[in-house]
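Paired with subunit B in one complex and with subunit C in the other, subunit A is shared by the two complexes that follow.
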Partner chain A sequence: MNLRIGAFGRQEAASAVWIATFTSGCFAFDNHAQFADGNAACLTYAGAALLSLLLFEAVVAVLRRRRGRDLLRLFGNAKWKSVLALPLFFSLLLAAMQPLQLFLVTVTEYIFVEARQVSICMVLLPCLLLLTALGAETLVRTSRLLLPLLLVSVAATLLLAVSQYRTYRLFPIPLGSAKKLVAEGAGTLFRTFSPLLALLCIGEGSQNVRAMQSAGRIGALGGMLTTGLLLLGLGLSFSYVQLREMPSPFFRLLIEVRTENPTMRLDRATLFLWMSAAMLSSAFYLYAACVLLAKTCGIADIRPLAICVSALAVTLILVLYYDSDTTVAILRGLYRFAWIAAIVPIPLLLLGNRKGGGECDLSASHC
Partner chain B sequence: MRMKKAIRNLFRFDEPYHRFELKETEPKGTPSFFAHKKAQRARFRAYKGTLSKDLNANRKDLYAVFHGARNSDLILRTFSVGDRVQAIAASLNGMADDTKIGDFILRPCHHANPDLLPKRDIGAYLCEHVLSMAETELSSDREAVIRAVTEGRTAILIDGEAEAILADTRGYVSRPVGEPQNEMTILGPKEAFTENIRTNITLLRRILKRPDFVCAFRDAGSTDHARLVIAYLDGVVNPSLLREAEARLDRIRTNDTLTLGRVEQLMEDYTYLPLPQMLKTERPDRAASAVLDGRIVLLIEGSPFAGVLPITLGTLLESGEDRDMRQPVGTIVRLIRIIGAVLSLYLPGYFLALALHHPGQLSGEILETVIASRAMVFLPLSIEMIFLLLVFQLVREAGLRVPGSIGQAIGIIGGLLLGQAAVSANIVSTVALIIVALTGLGNFAIPDYSAQIAVAYYRILLCVAATFGGLLGLFAAGLCSAAILCSVKSFGVPFLTPFAPVTKRKGGLFARAKLENRAKASDWSNPQRRRV
Partner chain C sequence: MRSFRVALLILLLPLCGCMHAKSLDSYAYVLNIGVERGTTMPYLVTFLVSVPGDGTENTKISNRVITAEARTFSEAVNTLNAAYPSRLTFSRASLLVLHENLAETGAQTPFLDFSFGKEDLWQNLRVMVVNGSVREIFEGWLSESDPSLRKIKTAVGELTVQSGLAADVGYSEYLEGVTEQYGDPLLAYAGVNEYGLTPDSAGGSAYPYLGGSLLVESILHTSTAGSAVFDGDRMVSVLDGQHTMEVLMVKDVFRRGELLFTLPDGSPMSVTLYRMRAPKIRLNGSAAQVELYLEADPTEPQILSMDSETLRQYLEQQLSGELAAVFAALQRVGSDAMGFGRCAARAFRTAEAWEAYDWKADYQRLSVTFSVSVKLAHHPQNPGLE
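Coming up: the complex of A and B.
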């Protein structure tokens, strides 16, 4: 088997999850639903984050009991494993597409206004191919390198924007419409759980389940905190009506910072730094999706899959470009209900196939 | 061959990924401890056998093996021991010291008392009572005798004896120990390695006065049978790393003369990576420090450098005198060096991206200056920048190849006159010239020469990326390079250690850590024991 999972430590895995959680949380596609009747972003995000962590803990507890090292162990020898793997694969594919899609919109709307989407994708594709094909070890190590830069840039942006924060902009909080909140929370759940799902798929590379668990906890909590702070900053800087109409509010925040501080002409550099983080997290999701598929179907080498899946993701981004009402409706539907694909198979895995759980190939101390 | 293999790997997906990796739990598939000895034996298989008791037969044999008819270097000096027993001293001209042979072998043998000579075991008697040599050994192995002669020792073949005396008469002309040319320091020691492997070992041994410091001689693997030394601290160095290094050396089969640079290329995993995967240092103190750190040092005959393995990116950015400076000053110097390296890599590309694609990111004043300086320049900005970067490299290469003061003069002429003339002729703009000058200065701040060259050419690639994709292209290229560096391992150690992966570090990369009284090796090479 040449799956290129490699071996990685807690800090690296936590960094990958941190970055993926941050990018998935911030570069959300559907602002319209999040800010429909007020600023529900922080509220729904907190709820979804809590649920994701609980789900992750449940999976890890079952893994430890069954002495497995990754999610694939839960599939065991079940005949229906590919049926369960497919929705998980598609949810990871969607999770990878989301930040890139938003970036494509931002870049074509604000930066390279006259450029065609295909031209931008021609830059993204080779990068994504390389990152996905290099494997988990490389991805998590690159995340470890990028995380400090990302955190510094987020902190600097939030601090430089302090002068324009207004508390009243956070209101109204739409507590009244519980049904909408739950629906929005379910959509957010997909974004908060995807990084942990990806980590569970590549858990074989971590030292043991305990290391994977703590990496997941630290990474997810850190990423959620960073996302929460940025969402709070956005909520304090713009009203919910403004946010509802903005295709990429985080870039607007960067522009505001630059307007307030003309000497700090780093908005584009910061944007592209965040874009690098988004690319890295997309590659992380795509790689996890490839591992899932490879292990389920018994494919020996990850590279052909990585190439195909990366190309598929970029093609889908191009096909479903945010330029007509139909595609926007399709995308909103996809991202709103993607949680079904990501979450529903998990309880089935946890409850079913108790006897057929995979055997651990390491000593008990490792598990 | 490697290219063919790399292309084949691109299209074949069924091959397992089996690069050597230094793990805490070592895999079972590592080469056996005696692998190198087997390989060496195979190499000398043609010379297997024992010596004959017949002196004439031995003489003819040596004459044939060394192609005596054409090889005038072979000296087969016939003499008699105490006017009773015939003997031959076989040596190679230029490799063995004539004075030693004359004074300590021939003269004592001529003056030996024939009455005291035994009828059997004359060799052992000569070693004990006649020869005034410090290092002698008896051997009946034909291969050992041939090897000894090629190394500069003298083989004394005695009539009626199937054993030869191998006397150490090595003494060839070599350069005296001088000052380092490429790693000059102000506070550090001024000694440098020479081409003589024995002198180099002595230089190391003078620093490392320890019984566990091992210098193992072996064949480098070339057809010229160049000697190579693997130096390490026994009990500290990771045995798996040592075995892997030996196994890789065993795999070397070349018809080329071997230098350290060639050995590095034949041993490394990532042939197409511009950055070196072995540190080449000419400073004995730096090599000794690496040995104490649990790493392996390679010395090869004829090469005035020592190869240190494994290395990380941080090793390439460290200078020999970093630890000699005071901590705050050392930190500032190191930070300046890193800023220089980053400027050298990204400044031209970043400037191109801003000027060509994102002019709004430049202030009005800077933009006006750029426009004014480029008013009469006919070349596009990106071509101008790449042209200037290449000219800079040209001046540097020319300066390096020209001896001494003329080289310095070429640098000044290239830098001042050519630059001034190019601006006057409207071929280049002053802004581009300033950017390239800053880039060049930053490049010189990188202490390792191979890394300097790698950075110098890689930044041209970044310029191309920035020209076509602006900041998007630049960041995408930067991300890909970071990922590639993260995937690289130098002899099993990840190249970006101790940052990715994180390990306990002996000193920081950005800030030099305070020196402490601790006798511990760095843990990133996973030494056998950390306490040195």
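Coming up: the complex of A and C.
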């Protein structure tokens, strides 16, 4: 077996979840959908975050009872495990594509404006391949190194933009339609739960379930708080109508800062950090998806799988640019309902375990 | 593993970042962008460009004004790139200037509807309206004694903005004012000193520059103060510096500024006003009440005849009257430059309902009561703090 999960501590795992939660929260594939109901985005994000944590706690509680260390323990020997693993795999793939797509948009819109998307992807792909193939230990330890810098950059961005904050931009506060809020919250649930799902997939590398639970809590809460603050900063800086049309709102927040002092122009340095975070979280999701697939299908070496899945993610991103609007519409629809793929299998697994099904055979490769 | 690494190295080889590299002195940095009506094409685009020297003592950084007629922004950039020896780059652009005759018809909107990102333009460009030829305006800002970027920026931006006489509005905020119902744009207004003046629309006798006193006679030949008032994307009137300050007070952008009042005997009185706390605005149907809280620092000797309470009440009354006159002038031209739309948005509970609402129709029926609360910092008869 060469799954390259390795071993990591609570801080490392929490950092990886924190970064993934932050990038998934900020880099939505469809800004129009995210801000469809104005600044309700902040409220729905908070609700979805809370639900994700509850779901994570439920899974961990079952794992502790069954003395398992990762989500795969819940699959057991059930014949329908691949049926449940497949939607989870696709939801992780979609989660990985989100930051990658934003990476591409930001770089082509603001940095290398004359470059074609395929050229950027040629740089993106080897980095992503390498990161994914190196495995969980490399990813989470790199996350631990990047997180403090990322937090400083987010704090600096929010503080530098203070002069342009206007509370009137938060109005109207859309609390009128509960049905819309629930629908929007369901869409956001996919983005808030994906980092925890990825952690559950690679939980085998953590010291024990308690460490994984603690890392998930810290990472998710920290990431959600950072994302919430950034969303609030965006809401105070731009009207929701502007936010719907912005290709990379977070980068716009950086370049909106009006200062005559060139040392305060942190846009490029900050962007570098945020793009590194996007790349790292994409690799984190892709690696988790690969582990899920490898364990379910009994694949011994994760590297060929990592290369294929990374290439698949980058190709799908490129298809967005080189195919018709239909592809974009299909992907938008997929993101809208991706929460079904990410969430629905979890209660089924929990219920299956409650009834005593899915007992794990310890001699099997996935245990 | 070795073959994997070799394959990776081969993949990395064509990714050399130095391909198509350009040295820094092959770029010309656009500092200001100006747009006005063209003669053969719809737009005349003017750039104030900073060209770096080649490093020798005789070739310092120089600023030049270049123009091109075009239909779109990209066309102007391409035309000038083809004709100019250096490649234009917009990463240091900080000012967008719209000519008055373009802004009066809203003809700048199709032009500004370009992708800023494609030219590496920052959305924090300061936006301004001018009443002279854009070339003259840019040349007016260039001083032979100090042609540096800092001097231009200081003269145009910081001084006028810090004195409270001009509205400091970025491109993003301007767009928000044009496309949304939170309030109409109010942009800084500039002109060449020798150029004819547009009268203030609120009925003052002052010039639109420099708070209504005198046209400046300085080393820079372009003055900036007062504001151009918009109804959506169309410029509808001009306010002088003092009236601009009063609009900014309601918008809670004002921090400090010197205002000129007339005493009962007709003599002028100069008072420096400071913002004490945020204004309170209550909107109830078609009636609004605005409460402003200011601190006054009167320094003129003419007020020695008044006691503190009389002076305070007099200032409150004068300021309330001026605010009502400015609001009436703005309402007449259909501009919500004071931003009452921001308060209207609070009553809505869904984005759709707010977007479907026609705020401007209700704005025309709005009646506003201004109440100003002034605290005197000191009185010339009693130099200590009260």
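Keep this in mind: the second predicted complex is superposed on the first by the 341 of 367 C-alpha atoms of A that agree within 3 Å, B and C clash if a C-alpha of one lies under 4 Å from a C-alpha of the other, contacts with A are read in each partner's own complex, and residues count from 1 in each chain.
The working rule: contacts are C-beta pairs under 8 Å (C-beta built on N, C-alpha and C of every residue); 3 or more make two chains touch, one makes a residue touch a chain.
Please read all numbers here as calculations on a predicted model, not as lab measurements.
Contacts of A:38 after superposition on the shared chain: subunit C is touched, whereas subunit B is not.
Of the two partner chains, neither subunit B nor subunit C is touched by A:347. Judged by the touch definition given at the top, the superposed model places A:109 against subunit C, while subunit B stays out of reach. Touch criterion met: A:273 reaches subunit B, while subunit C stays clear of it.
Of the two partner chains, subunit C is the only one touched by A:177; subunit B is not.
Of the two partner chains placed by superposition, only subunit B is touched by A:301; subunit C is not. Once chain A of one complex is fitted onto chain A of the other, the partner contacts of A:130 extend to both subunit B and subunit C. When both complexes are overlaid on chain A, the residue A:142 reaches subunit B alone and has no touch with subunit C. Taken together, the two structures place residues 123, 126, 130, 303 of subunit A in contact with subunit B in one case and with subunit C in the other. Against subunit A, the residues of subunit C that register as touching in their complex are 4, 8, 11-12, 14-15, 115, 117-120, 122-124, 126, 150, 153-154, 157-158, 170, 172-173, 175-176, 179-180, 182, 339, 342-343, 345-351, 353-355.
In the complex of the two chains, the subunit A residues touching subunit B come out as 1-2, 4, 7-9, 11-12, 107, 111-112, 120, 123-124, 126-127, 130-131, 134-135, 137-139, 141-142, 144-146, 262, 265-269, 272-273, 275-276, 279-280, 300-301, 303-304.
Within the complex formed with subunit C, the residues of subunit A that make contact are 36-38, 40, 109-110, 113, 122-123, 125-126, 129-130, 164, 168-169, 171-177, 180, 238-242, 247, 252, 255-258, 260, 303.
Listed in rising order, the residues of subunit B touching subunit A in the complex are 13-17, 21, 23, 357-358, 360-363, 469-476, 478-480, 482-484, 486-487, 494, 496, 499-502.
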